[in-house]
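Shared between the two complexes below is chain A, which pairs with chain B and chain C, respectively.
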Partner chain A sequence: MFVDLIQNTLDGLTSGAAYALLAVGFTLIFGVLRRVNLSYGPAIMFGCYAATWFHVHFQGGLLLLAVITIAGTVLAGAYVERLCFAPHRDGSAIAAMVASFALWMQLEELAILAMPKHLYAFPALYEGRPLALGPFSLRVEALLMLLVTVATCVALHRLLYRSRFGLAVRAVIEQPVAAQLAGIDLPGIFVRIFAVASLVGAIAGYLIVSSSEQVTPMLGMWSTLKGMLAMMLGGLGSLPGAVLGGLALGLIEAHSQWFFGPQVRDLTAYLLLFILLALRPSGLWTTTRSAS
Partner chain B sequence: MDDYTIGVLTNIGLFSFLALSAYLLLITGEMSFGQQAFFGIGAYCAGILTAMYGVSLPLAAIAAMALGALAALLVGLPTLRLKGLYFAMATLAAAEMIRILFELLHFQRTVEGELLGPDGTQGFRGIRWVFESGVEPLHYLALIYVVLAVVLGLFAWIERSRLGATLRSLGQDPELAASLGVDVNRLKLGVAAAAGALAALGGVLYAHHNTYIEPRNFDIMLGIHSLAYALIGGLGTTFGPLLGVVVDIGLVEGSRVFEGYRMIVFGGLVAVLLVFRPRGLLDERVVHWLRARFS
Partner chain C sequence: MSALLEVRDIVTAYGKIEALKGVSLEVQQGSITCLLGPNGAGKTTLMMTTAGILKPKAGSIRFSGDEIAGAAPHAIVTKGVALVPENRLVFPNMTVVENLHAGAYRRNDQPEIAADVDRMLTRFPVLKQRAAQGAGTLSGGEQQMLSVARALMSRPKLLLMDEPSLGLAPLIVEEIFRIIAELRKDGTTIFLVEQNAHMALTVAHHFYLIEQGKVTFSGTPGSLAEDEVIKRAYLGSAKT
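After this line comes the complex of A and B, so read on.
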């Protein structure tokens, strides 16, 4: 029992790490643009499909596939930004969101047209036996996932808190109008933050598909939902909150799956989100500014 | 009319209810990601009543609408004070919970030697009241459009009345509306309940057209589609959401020209359309112009 609890916690932290990255990407876009990008997950799915397509036809190495995943995601992200967010910069948030939904449909159908089977195998991050630590087993790819997640978060932290670009981004998050008055180029920041968010999302996507060793078109909807869920759990627009929200989501899922099975697992996550929103809409970790 | 045309027209009618339900909330300034759940509740409730207990369709529809309204009230009570994305996420969470409850719902009984009822993810088949009562597909189509016409009549009447102006004022500026003496919370709850009942009504008709329903018919995709329909068609008039449904199901799916590329065409069309018309084809300005022209 006790051993299982710890094992579940370890597993939960691993999937939580991927959720945390998804939430960080989502939060970057939401925090800076104040817009919901429903195409965030589908762009990641598109990148993973591009890598899978390459692997099916030419057999690529792990690193090459990672590069293709990132390139594909950033490309799809740029397309979404140009068509859904650049034109609605000062306009309607709902129109931007619905437009991003429209492109989700496009990206999903494109992926299905290029690769019509429902499921494709993706090369594993690590093929070998899990590490045994006493009674616990730790998958090596899980360890890699945690490491990459931590490295990504550290890099992101340096970018946002130690560079001029980061200063500008934080200024835009805090006070968009004042930031613009101070001479910060808002459209430029938007484009670059979209690229950074796509990059983070692509890393998350790559980790997810290479540890589950499969790709399906459902990855798009799944990533958007998990990213949004983790972001909301952590409180909108806060980066540390997004990381904690992702980890919390992973832990909640791992434990409720062990106790009640997979269907109740999803139910628990939504129920917690619902209660949290009803009682404490600012999230578990309060943010500086609330969304409107 | 051939079967294909009847099928397309039926679908346009059915999803119009859901689009109108999303529209009703949108004009009062709330964006719900969860109307598909009430559509599902209507479908399941009426299916259980007609297929398992032999209740007639009209009675089952009334019961389903009541249940849809009740469920919408229960979701609305703790969430309606939330705004924007918070409200959208809360309704999404509620709708996904309801969908998972459909997956967990195993409730079957034997009717005339056949095991009927919802069977979790396996779905719920045999909702044959329409067929067994000898209603032809064409007549069922007519029934759907008569009900839809009644709903549209109600909408038109409300939009002309004081209530319609009050509802739109809620969407424009709730604080101003409250300062003018509008009971914002009560009115919003009423709107949520009405939208829930309307979605449930659509679900009733959907279940009896398809005869088979399963939990994933009512997933988030359906919800975002209904929002998109309302927004593409336009937020200026009740006909906006209908136009949105016609554009998607009628033109893109129905014309069969874009077989296999439907979503690519539809998705691109919508994104480009929203660049030029962010409040849809029939937005307030166009509607105003049309009214000035023809009345």
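After this line comes the complex of A and C, so read on.
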């Protein structure tokens, strides 16, 4: 029993790490643009499909496939930004969200047309045996996932807190009007933050498909859902909150699966989100934000 | 003196409602020019239009002879116009020093920016004590100083100030106006929106009255009895 609890915690942390990355990407777009991008997951799915397509036809190494995943996701992300968010910059947030839903369908159809089978194999990140630590087992790819997540978060933190671009991004998140008055070019920041969010999402997507060793068109919806859920758990628009929310979601899923079975796993996560929103609507991690 | 800022027939609307119905005015190089008027007259709208946050429907705004009406805010900052916005709008979760660096975003002369940060901390000693603190923890007066300092970090030729005394204690208000006079002496032209007509008239070289989106009076501080100015600045002239 106790051993299982610890094992579940380990498993939960590794899937939570992927959720955390998904949530960070989602939060970057939400925090900076104040827009919900439903096509966030589908763009990641598109990148993973591009890599899978390449692998099916030409057999690529893991590193090459990672590069293709990132390039495909950033490309799809740029397409979404141009079509959904650039035209609605001053306009309706709902219009942008609905437009991003339309592109979700488009990207999904495109993937299905190019690769009509429901499921494709994706090369594994690591094919050896799991590491045994006493009574616990730790999959090496899970360990890699944790490491890459930590490295990505550290790099992102450096970008946001040590660079001129990061200063501008934080200024836009906190006070968009004052940021413009300080001379920060808002559309320019939007485009670049979309690219950064796509990059983070692509890393998450690559880790997820290479550790589950498969891709399906459902990856798009799944990524948007998990990213949004983790973001809401952590508190809208807060980056540390997104990491915390992702880890919390992973832990909740792992433990509830063990206690109640896989059918109840997702239900538990939604139920907890419901309770959290009722009791603490600002999320686990609350930031102060001046009224704008 | 020549006009540094020339506003001609500016119309700015929120949807169908015109907040500015053809405003024309001038700010002379090296002067302090003040815009007075009651709430809702269009003062903030004019400031936001000049800074590029709001786009005018018609009219022209020339700065140093260049047309800036409808230009992007960052382009206007680059030309040398900075706005200290109403309610200060500091970046609350960023430190005082980070706020100052954000103000210098369009510049890329790193050593000079660092020197300017030091200059601001010397000019505004209250900020020096709180240099590493989050701007959200500052008092209203300190935030106002920070907002002014942040705008100065872009080295503007024209400083627009929207209600810098709003909600501040009388001693702080006096300090703000002392700073305004100092800045002018250092060569910065100032265009000031104020509710505190009495204080504004003590520093202004020229003032305009704006009521319901139109300039209704223009003159120098002695040209209209102060109580008449104050009455119209707060209440607007009675029109029935």
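Convention: the second predicted complex is superposed on the first by the 288 of 292 C-alpha atoms of A that agree within 3 Å, B and C clash if a C-alpha of one lies under 4 Å from a C-alpha of the other, contacts with A are read in each partner's own complex, and residues count from 1 in each chain.
Throughout what follows, contacts are C-beta pairs under 8 Å (C-beta built on N, C-alpha and C of every residue); 3 or more make two chains touch, one makes a residue touch a chain.
Because the structure is predicted, anything quoted here is derived from the model rather than measured.
Chemist: Thinking of the overlay built on chain A, is A:M105 touched by chain B (first), by chain C (second), by both, or by neither?
Modeler: Only chain B is touched by A:M105; chain C is not.
Chemist: For the overlaid complexes, name the partner, chain B or chain C, with more touching residues on chain A.
Modeler: Between chain B and chain C, B touches the greater number of residues in chain A.
Chemist: Touching A:A178, do we find chain B (first), chain C (second), both, or neither?
Modeler: Touch partner of A:A178: chain C, not chain B.
Chemist: Quick one: classify A:L167 as touching chain B (first), chain C (second), both or neither.
Modeler: Second partner only, chain C.
Chemist: Which partner does A:K226 contact after superposing on A: first (chain B), second (chain C), both, neither?
Modeler: neither
Chemist: If we overlay the two complexes on their shared chain A, which of chain B and chain C does A:G91 touch? Say first, second, both or neither.
Modeler: first
Chemist: Taking the superposition as given, does A:L113 touch the first partner, chain B, the second, chain C, both, or neither?
Modeler: first
Chemist: Residue by residue on chain A, keep only those touching chain B in one complex and chain C in the other, then list them.
Modeler: Touching chain B in the first complex and chain C in the second, residues 292 of chain A appear in both lists.
Chemist: Touching chain B in the complex: which residues of chain A?
Modeler: So the residues of chain A in touch with chain B come to 30, 36, 38, 83-84, 87-88, 91-96, 98-99, 101-106, 108-110, 113, 221, 225, 228, 232, 236, 263-264, 266-267, 270-271, 273-274, 277-278, 281, 291-292.
Chemist: List the residues on chain A that touch chain C in their complex, please.
Modeler: Residue list for chain A touching chain C: 164, 167-168, 170-171, 174-175, 177-186, 287-290, 292.
Chemist: Which of the residues in chain C come into contact with chain A in the complex?
Modeler: It is residues 51-53, 72-74, 77-78, 82-83, 85, 89-94, 98, 101-103, 105-106, 136, 150-151, 154 of chain C that touch chain A.
Chemist: What does chain B use to touch chain A in their complex?
Modeler: Residues in contact with chain A: 26, 31, 78-79, 82-86, 88-90, 92-94, 96-97, 100-101, 103-104, 220-221, 224, 227-228, 231-232, 260-264, 266-272, 274-275, 278-279.
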